[in-house]
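First chain A sits with chain B, and in the next complex the same chain sits with chain C.
Then we have the complex of A and B:
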């Protein structure tokens, strides 16, 4: 049975369980009249039965889904013996062939007999596994149904039991966030450690040459397979820097104007308009940067006699800045409105003008919050991918000229991992090492910024 | 100070007043300038994309008189399915073109003539004949997609004044196209193929439907997973959780996950779902999983805010009537918070719809012609389709890219408008 059919089966058993439990409880007390003798409403007996039936089945199904492929792979490979695996480059490749033949992607008559045998074995094991899981789930579900049904009694505290289960489920959902973080750290760190086996950490972090193509021949030019990430860090810093040069002044000033000067009507029009910028997908900005802003800058550069690369850092940075404007402005807006009116009144009472009040009182009071917001914006700029993938270059140049093409960490992750890849080469693993750096840097920026923002908020609450 | 007279001070103050008034005006102008700059960016962005893309909604079509020549398709007259499937249908199109332009001779010149019609014309004829073999021997006036370059010519995007060598169309081709236009056989029509077709290497045949379906599957998985899990997590954190280290840890985690770059989620998806669990590459199912992880924090944060906005008196009243905590939440707090939660969910979904980078990591970036039929089929999504087309060097893809962006933005505008309406209509303020 397919997974969706199994899920349907479990759902059907749960519905049956609900019905059985509800009617059993009512039958025990002699129908609707005796309902007062029940500890809980009849529906709770039904729910309890359904939950007891569905949850173990779902758990088993999940374990099966997660484990079956690797178990079958091991069994198939063991069945073929070591001779077959040595003939093919690796067991992964062999297994891929077997799977493709089994799925009918590759015609079976064109492959070696080992692969044919493997495919047959694979299909046989799969069907056994599918039958086994269907049988187990059906048996387990029905057994649970009748076991709970037999235990239903008027004194059974069904509501409390259901609520206890529900609370556990809610708790499980909320811990998912922790597991996601854990998953990110573990998976990315694991691959990175494998990468650092072949490339030393300090070479990666402090090396100044980045050309991840490993060389096939000794005399090959340009593919030294060196993984010094400093040019990427500098490129990232430059593009993010340009973005912040655009986003911080524009965002901050528009936040000030909208919260301190603008009247209601202007605010109600301008604010949503600015926030449109936050809702536009980054791929659209990337397109805009690569095909509108880039050529404009190049044309402008030509007319004043400057050489602007067609994938200049400036174009990507400018557009990224535009993207971040609403982010900065809405955070700054929050921080400015959080400053108590009494501080403003005090400044006005001393004869300060509005702009003096803002510059000398409001902004100073809001400064920690604004700094926190800007740090969050920086972390967003560093992690931004599509704009730079589409509008920034691929070559790892070390340059301080914003008109040149530079590359960034995210661009390299995407280039290393899209297209044909083999999983064990340092080239692909390097992407995970870059991802780890990216994750750690943005994480520490976020933790620090959120700490500042929270502390600041508490100050005026 | 003491030596100064009152008049001096007055003068000083008056001078400084003027300066301060100026500073005030300047400051205000900066603020207004910043807001206007932002608004100008918005309009510039939209104007540049719409002006590039609106032409893609029209497409040049050639009308030709096709003679279903039995001698060319089925010379033996067997009408067998296999013969009909293998036949050379482009010969029919070529014959029709030769008939229209008898004056063009020579192989090279004829080949240039044939290049005016898209290669999809032959497939179209094949489908027609396979559906109805009795067409053989008949004549029919049919309209076909014109080649992308002809389409660009009609839209005025090919400069006729350029020397012939610098143009994608030769003088002869342009002359033929002009003749077809004059005879009413070459026209711009509404481009329905763009909305019903999958991706293609030929710009004139490429459509967004495959990507739209892929996006729908992916979003469906995302919604089905992230909505229940997100709401459950929010309920636990807001209504049940004791304040201790564990819940603090969860909270910090959620806030941080909301700010983790999306590409890191892609790396997680690649390492965990594809390499560890062995799930299929390019599948909407895996895309949905990754986007679920990505949108969960958004939904949790929005749901918590919505739950927090329900006044405590409602909870106390429910407890007072003897409700259990779960009943209190399920019967009272959650329904009251639902509009806010739904608003947050829609906004989260809108973000997931526009997300590209993590999906590149799990291989949804492949060239896929077929419209996906199931959650495990290889598929691509709208933003990735935009990325793929934007990368293409062919000029005709430029307007397709912009048009796909317009489609994507239309979806986003609808979703955000739904969120705004929901908020305005149903959200209660206490």
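Then we have the complex of A and C:
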């Protein structure tokens, strides 16, 4: 049976379990009139039975899915003996061939008899495994069904039991995200450590030349690569800086207007429109930057006698700033709205004008929150990829001129990892080191920003 | 308090014959006179044809059950209702003979003359010093730092807070206790040197000891300011005020000397309220 069929089987047993549990509990107290004698509503007895049936089956299925391939591989290789494996560079390669033949990707008549034999064995073991798991799940599910059904009694606390199980399921979901994050971090860190074996950390962090070309073959003429990431950090900082120069004033002022001055009608139109900006895919911003803003800037530069690269930091930064405006403005708006009306009243009652109240009282009170929001926006700008890939260029220039092409950490990660790559050269591993740096920077920004925002929120709640 | 306002007594505005309020609505030489004042929130009429005078150097207490319009009327006096969307005020409120709702009148100047203390202490998120200095700063009342220091010190002294905060003027005002915060707000109001102080249930968020201090303070401040206080506590009204106004469902039912109102109410509703039959 295939996995989806097994899942269907488990679902069917769960439904059956629900029905059995519910009717058993009703039967025990003599039908609907006796519900009061039950500790829980009949549905809870049904749910409890269904959960007890489905959850162990699902667990077994998961273990099987995770483990069957390696078990079968071991068995197949052992069956072929060591003689066969020595012909191939590695047993992994042999197993790949066997799997390909078994799946019909490679015609069986073109390969060695060992592989043919292995493929036959592989298929046989797989079918045995599938039958075994179907049998186990069916037996386990039915056993659980009848075991729970037999234990149903009016004083069984089915509701409490179901709620305890539900709580554990919620816990599992919440830890899942944490573990996945941890896994990503560890894998990035592991690859980075491999990178730092071939390139020293200080060369990477403080070197000023970025040219990640390494020889793929010994006879190839090529540099051994230099991995000084400072130009990338500079480029990232410059583009993020330009973006913040656009996004912070515009976002903040629009938030002030919307929350303090605008009447309800204007607000109800303008706010959703502003939030549409946040819904535009970044790739659309990317070609807007590359095809519209870039050429406009270059044309404008030519007319005033300035040399502007067609892919300039300025174009990417401006468009990224526009992208971040709704982010800044909605966060700032939240913070300004959270300032209690009583503070405004206090200022008005002293004879402060509206703008004095906003500048000296409202913004002052909302400042920590706004700073936190801006930091979150910075970390978004640093991690933003699509716009810079399309509009900022690839040249790792050490420059402070926003009219030049620059490149960013994210752009380099993309170029290092796209296309045909070997995964053990410093060139590709450099992407992980860059990723690690990016992750550490944005993580610390986020933690710091959230700390500020939380501290601020506590003040008024 | 300009010189001519004390020299020429302001005439008493006539009260229309339709006014049903019991007791002495008008006083001689009033600081503020309200005539036929109505407030609407959208379609809802929150207070109806209120007529009352506010006398100098006197505490006027406004009492009545919740939702009777006493706070709404209080907020008319310094035009705080302007900040509420959909609020509309009709009728005449004049301060020393000039209409405060006159289009040419600057609301900022009006609020400098009529200070307000709110139900919940609302110190700004600034230092204690800056809280008190805020009003003088925005109105340009101090020529230099020395003068500003002087205003801050005097205001804190008069609010009875000086001894408790003189060593920590640069600490945040939000770090004080509730009662101290409320006195800080009073100091902040005094610092602008207003003529009237409006108080909207200033003690309802405070404990009895802090309340007693504020009440003593109100009695002292009466020497320099006209005070209008909204309160839920009849005992407080009896303790601090010289005149009392009783509001009921948007109507001003009865006004009179506080002693007289509490010992000999003339209107049935007033009597029911102060004897605790409802409210």
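Keep in mind that, in the parts below, the second predicted complex is superposed on the first by the 351 of 461 C-alpha atoms of A that agree within 3 Å, B and C clash if a C-alpha of one lies under 4 Å from a C-alpha of the other, contacts with A are read in each partner's own complex, and residues count from 1 in each chain.
Please note the rule applied: a residue touches a chain if its C-beta (ideal position, glycine included) is under 8 Å from a C-beta of that chain, and two chains touch if they have at least 3 such contacts.
What you see is a predicted model; the values in this text were computed from it and never measured.
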Quiz item: Does the superposition put A:383 against chain B (first), chain C (second), both, or neither?
Solution: first
Quiz item: Thinking of the overlay built on chain A, is A:438 touched by chain B (first), by chain C (second), by both, or by neither?
Solution: first
Quiz item: Which holds for A:166: it touches chain B only (first), chain C only (second), both, or neither?
Solution: first
Exercise. Kindly classify A:304 by the partners it touches after superposition: chain B alone (first), chain C alone (second), both, or neither?
Key: neither
Exercise. Return first, second, both or neither, reflecting whether A:365 touches chain B, chain C, both chains, or no partner chain.
Key: second
Practice problem: Figure out whether A:150 sits in contact with chain B (first) or chain C (second), or with both, or with neither. | Solution: neither
Exercise. Please work out whether A:400 is in contact with chain B alone, chain C alone, both, or neither, and reply first, second, both or neither.
Key: neither
Quiz item: For A:105, is the partner it touches chain B (first), chain C (second), both, or none of the two (neither)?
Solution: neither
Quiz item: After lining up the shared chain so the two structures overlap, which partner does A:353 touch, if you call chain B first and chain C second: first, second, both or neither?
Solution: both
Quiz item: Just which bits of chain A does chain B share with chain C as contact spots?
Solution: 353, 356
Quiz prompt | Contacting residues of chain A [partner chain C, same complex] | solution = 263-264, 340, 342-353, 356, 360-361, 364-365, 459
Quiz item: Can you list the chain B residues touching chain A in their complex?
Solution: 20-21, 23-24, 26-28, 30-35, 37-39, 41-42, 45, 48-49, 52, 228-230, 232-237, 240-241, 249-250, 252-257, 259-265, 267-268, 270-272, 275-278, 293, 296-297, 300, 324-326, 350, 353-357, 360-361, 363, 365, 383-384, 386-387, 390-391, 398, 401-402, 405, 408-409, 412, 416
Quiz item: Mind pulling up the chain C residues that touch chain A in the complex?
Solution: 78, 80, 83, 85, 108-112, 115-116, 118, 120, 122-126, 134-135, 138-139, 174, 185, 188-189, 192, 198
Practice problem: Within their complex, state which residues of chain A touch chain B. | Solution: 65-66, 69-70, 159, 162-163, 166-167, 169-171, 173-178, 180-181, 183-184, 187-188, 190-191, 249-254, 256-258, 260-262, 270, 273-274, 276-277, 279-284, 286-288, 290-292, 322, 325-326, 329, 353-356, 358-359, 376, 379-380, 382-386, 389-390, 410, 413-414, 417-418, 423, 431-432, 435, 438-439, 442-443, 446-447, 450
